[in-house]
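Sharing a structure with you now.
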Amino acid sequence: MSDRVSVAKTYKLYLDGKFPRSESGRTYPVTDSAGGFLANASHASRKDVRDAVSAARKAFGGWSGATAYNRGQVLYRVAEVLEGRREQFAAEVAACEGVSTAESSAIVDAAVDRWVWYAGWTDKIASVLGAANPVAGPYFSFTVPEPTGVVGVLAPQSSSLLGLVSVLAPVVATGCTAVVVSSAERPLPAITLSEVLATADVPGGVVNVLTGRADELGPWLASHADVNAIDPTGASREARVDLAQRASNTVKRVLTVPADEPDWTRRPDISRLRRYLEAKTVWHPKGT
Amino acid sequence: MATASSPAELTDATRDETSLSRFLQGLPGVDQVGVEARAASLGTRSIKKAAKLWAIDTAISMVDLTTLEGADTRGKVRSLAAKARRPDPDRPDAPPVAAVCVYPDLAATAVEALDGTGVGVASVATAFPSGRSSREVKLADVALAVEAGATEVDMVIDRGAFLEGRYGYVFDEIRAVKQACGDAHLKVIIETGELATYDNVRRASWLGLLAGGDFIKTSTGKVSPAATLPVTHVMLQAVRDWYDATGQLRGVKPAGGIRSTKDALRYLVAVHEVAGEEWLTPELFRFGASSLLNDLLLQRRTQHDGHYSGPDYVAVD
Amino acid sequence: MSVWEYAPAPESRDLANLQPAYRPFVDGEFVDGSGDPLTSVDPATEETLAEVGTAAESDVDAAVRAARRAFEQVWGPMPGAERAKYLFRIARLLQERARELAVLETLDNGKPIKESRDSDVPTAAAHFFYHAGWADKLDYAGYGPDPQPLGVAGQIIPWNFPLLMLAWKIAPALATGNTVVLKPAETTPLSALVFAEICQQAGLPAGVVNIVPGAGDIGSAIVRHPGIDKIAFTGSTAVGKEIQHAVAGTSKQLTLELGGKAANVVFDDAPLDQAVEGIVNGIFFNQGHVCCAGSRLLVQESVAEELLGKLRARVSTLRLGDPLDKNTDIGAINSAEQLAKIRELTASGEAEGAERWTSPCELPERGFFFAPTVLSGVEQAMRVAREEIFGPVLSVLTFRTPDEAVTKANNTPYGLSAGLWTEKGSRILWLADRMRAGVVWANTFNRFDPAAPFGGYQESGFGREGGRTGLEAYLHV
């Protein structure tokens, strides 16, 4: 009696709500921490970046225009689906990151909790960062935070799930849309997370996930005129200066990030949400 | 309801009550903060030297020297008339005022006192200041003034009817008064202090213009607030817009609360810059005032003499 | 000849207490800068106002060292309540010397005295008052307990609101515990150097504020100085990009307040007369030298003709001339260079098919002046609809529907401000949501207040000035 042969998954990109291969046709082998073959990942190209940015831009109006409550519901739904696939994520994280199943389970739990934390911020951050401005005149002046637009995220290279969730969730919680370049060596949890997003009612294009090299794709994101902000976390230290310089060409918001990948298990604060929000001040006279 | 002289669009506006309401409600709104900011900003104009002298003399010539008290007597009116035709006896070059403004029963006294001087006699009428009487009584009031020889009639609109939205009723009343005026010029007092909003001031201004008022006038002086700069801005804009639409020049008269030369200059700046320089004439702009005249005379002396004058040097009314 | 010519009503030039020479202010003292002196010119007469000593790189270095020392030894450790009292003192001193500063600002910049008197100087004082109060209340600003200052801030400001931009920069920096090295614009350094004197009069500890006049090279020296922790810049988008490029990869924090091409959107149900005022204020305030100027008028087709008629009539009443005259509405263009740029862009609009209407006002024989100009029939594709003119030139475009208005208003890489004119409340909120701009003025324009955050989206920069939000630019958050 022979063991059942498992059905292996082809890992593809997540772009505009669909799972296409890279337009370049390139793939690269992904191995586990011991060097064993896990899968072939799509090796995204600059044209995939271009397509992802245009999908993210197209999705921005709807996602940023949705009610904060609705975004919260959708993001909480992501956490629900994540929770249901804990074992799959634990297995992938263990394989990618070379940690024990117990450790990877804890990482997955933390990732789910992190997502829940950010999901709850959607309809609160405006009241924390916004204000009614006591101006010296007969005007009502108020300030509201609004999402900055399309964010290019170079996800952490080491922490394939918790790190990814920690950098992606704040982007979408604010109402921005994202083009994510996953960890190059550990991309599988990112694609599996994409499946979760696709089944959790996150509109297509809100999150686009490219697997490949941050240092290859980052410059295209940083120089793309339709990208509003860049998170260079996953870029190599050498590449970050170049990214920031390219970003200056269209006055992009560039996140200040620590030189080394931080400990993602630490309690987050709202600084990432803040970076993706623009303060808009509105004035109107008060009169009869 | 229609008037003969208005262009077609405006004739349509007065076809019936519904058209009139639609027209007046459809006028662009007036933003309170915006118009008050504009008035305050024009209020900072600095008028000096020759420009100031010219303005003082022009302002004197625009004064409707007014007494509207229950205690008015013929003697008081005669004294006012003397002041009106020669405001500063020591300085015969000081111009006479535009008119003397009195209650209808004293119009005859004023007419007699001012005979041949060129100074007009304005009489308030139409159950001034409240306007709370029947149309018959109001028209009789007008007839009294006109028969006494008043050259100008200052009527009040029925603010109650206006605020109820019975614009047609107010329109008809103004038309009837206009007819009763004959050759006398009609000033339509809209009593801005009771209209509550600038939107209403604009509507009432247009109503007065549509119905044939030669002037639109802010106030009776019996209601606070009386004339204000921003209200006058709205009314000056209305006569400007009326001119642009019809080619007809109509006047504006702020009344009440204008006491100092500084105030008067601010109004003239508004006339100059909101309506236009064509309006800088007593034919098209008046001040309804009493104490203003003496301050203008004092300032006039200061300008001419190069030192400050004092109240004992100008005649009390 | 008008029926009534206003006689000249000039504010006295002597009030400016103009000195023959001004010097850089470093470590609490006025010093001889090692740079080549520059001359500051009255743009209304083209006459030299004063000689101004400039900083060389060595002076910038000395200023940064002084600021560092002051930060570490005095200002940083000082309790917020004590810092606050210095800021309150500065606010009062600005008010006390308001008339002098207003005249000086008008001489140096060319802006009408009524604007420097009624807007620039009082608002500058208000900024110090507002931020003084924050100095001992930062725990409540929403950045966690005991938020920490960044250190030494390098600040570079433009020539359009010399003193006001200084206040926008220095007040929040000092309130949050930073020290500053500020470079005023090359053509308008005088009020900043009088401000330095005010710092002395306020007894502000040496090194907390340093003022280093100079040209672009000194700005660049500040941007590149390794001893500076934060750069705050207000100016053109082109220079902003250079600065962002230069600080890329360093640990310097950066905020930028850059250019704009704001749309002023007028619907057919707008309060038209006030809309006209707002349009005039939006583009002709400060000769249009305003980054948030409403330089594109988007008017609904159904009222376009009526509005343009009213607008031209109103613009014809604007009084252009001697900036010191209290009745002047439009002063001088700040420099010959800027005037040339305005002329070139306006000519390009005409060449591309826009219809030019210019106010029939007389121009003075001397000085840099440009008559208020309205270009109608402008299309989005023309340069005058896309490039910042930074002068008294309005481009008029039309739209038919709210969606079209939004699309056209947002069709620019800038995103600093927008104006909306309609009496329909729900439409205002709908539009305000959709404007990709940091400041939206509905039924008003060009309102500024220290309590209200100001700053742009996209290529208009990042970071905010004013309000609780504005403190973020000078704190570790």
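Letters are used for the chains, namely A, B and C, taken in the order the chains are written, and counting of residues starts over at 1 for each.
Keep in mind that, in the parts below, contacts are C-beta pairs under 8 Å (C-beta built on N, C-alpha and C of every residue); 3 or more make two chains touch, one makes a residue touch a chain.
None of the values given here were measured: they were computed from a predicted structure.
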Compute the centre of every chain as the mean of its C-alpha atoms, then state which one is farthest from the centre of chain B.
-> A
Centrality ranking, top chain (CA atoms only) | C
Comparison of B-C and A-C by number of C-beta pairs in contact, larger one | A-C
Rounded to the nearest whole Å, what is the centre-to-centre distance of chain A and chain B, using the mean of the C-alpha atoms as each centre?
-> 69
Geometric centre distance via CA averages, chain C-chain B, whole Å | 44
Inter-centroid spacing, chain C versus chain A (mean Cα positions, whole Å) | 37
Mark out which residues of chain A touch at least two other chains, giving numbers and ranges.
-> 137, 139, 285
Of all the residues in chain C, which ones touch at least 2 other chains?
-> 443-444
What residues in chain B touch two or more of the other chains?
-> 31, 33-34
Tell me, which parts of chain B touch chain C in their complex?
-> 28-31, 33-35, 37-38, 44-52, 54-55, 58, 237, 244, 268, 272-273, 277, 280
Chain A residues touching chain C in their complex are 65, 128-129, 131, 133-137, 139, 141, 143, 148-149, 225, 228, 240-241, 243-245, 247-251, 253-254, 256, 269, 271, 274, 278-285
Please name which positions on chain B make contact with chain A in the complex.
-> 31-34, 36, 196-198
Chain A contacts chain B in the complex at 137-139, 285-288
Sort out for me which residues of chain C touch chain B in the complex.
-> 2-9, 114, 118, 269-274, 277-278, 309, 317, 326-327, 423, 443-444
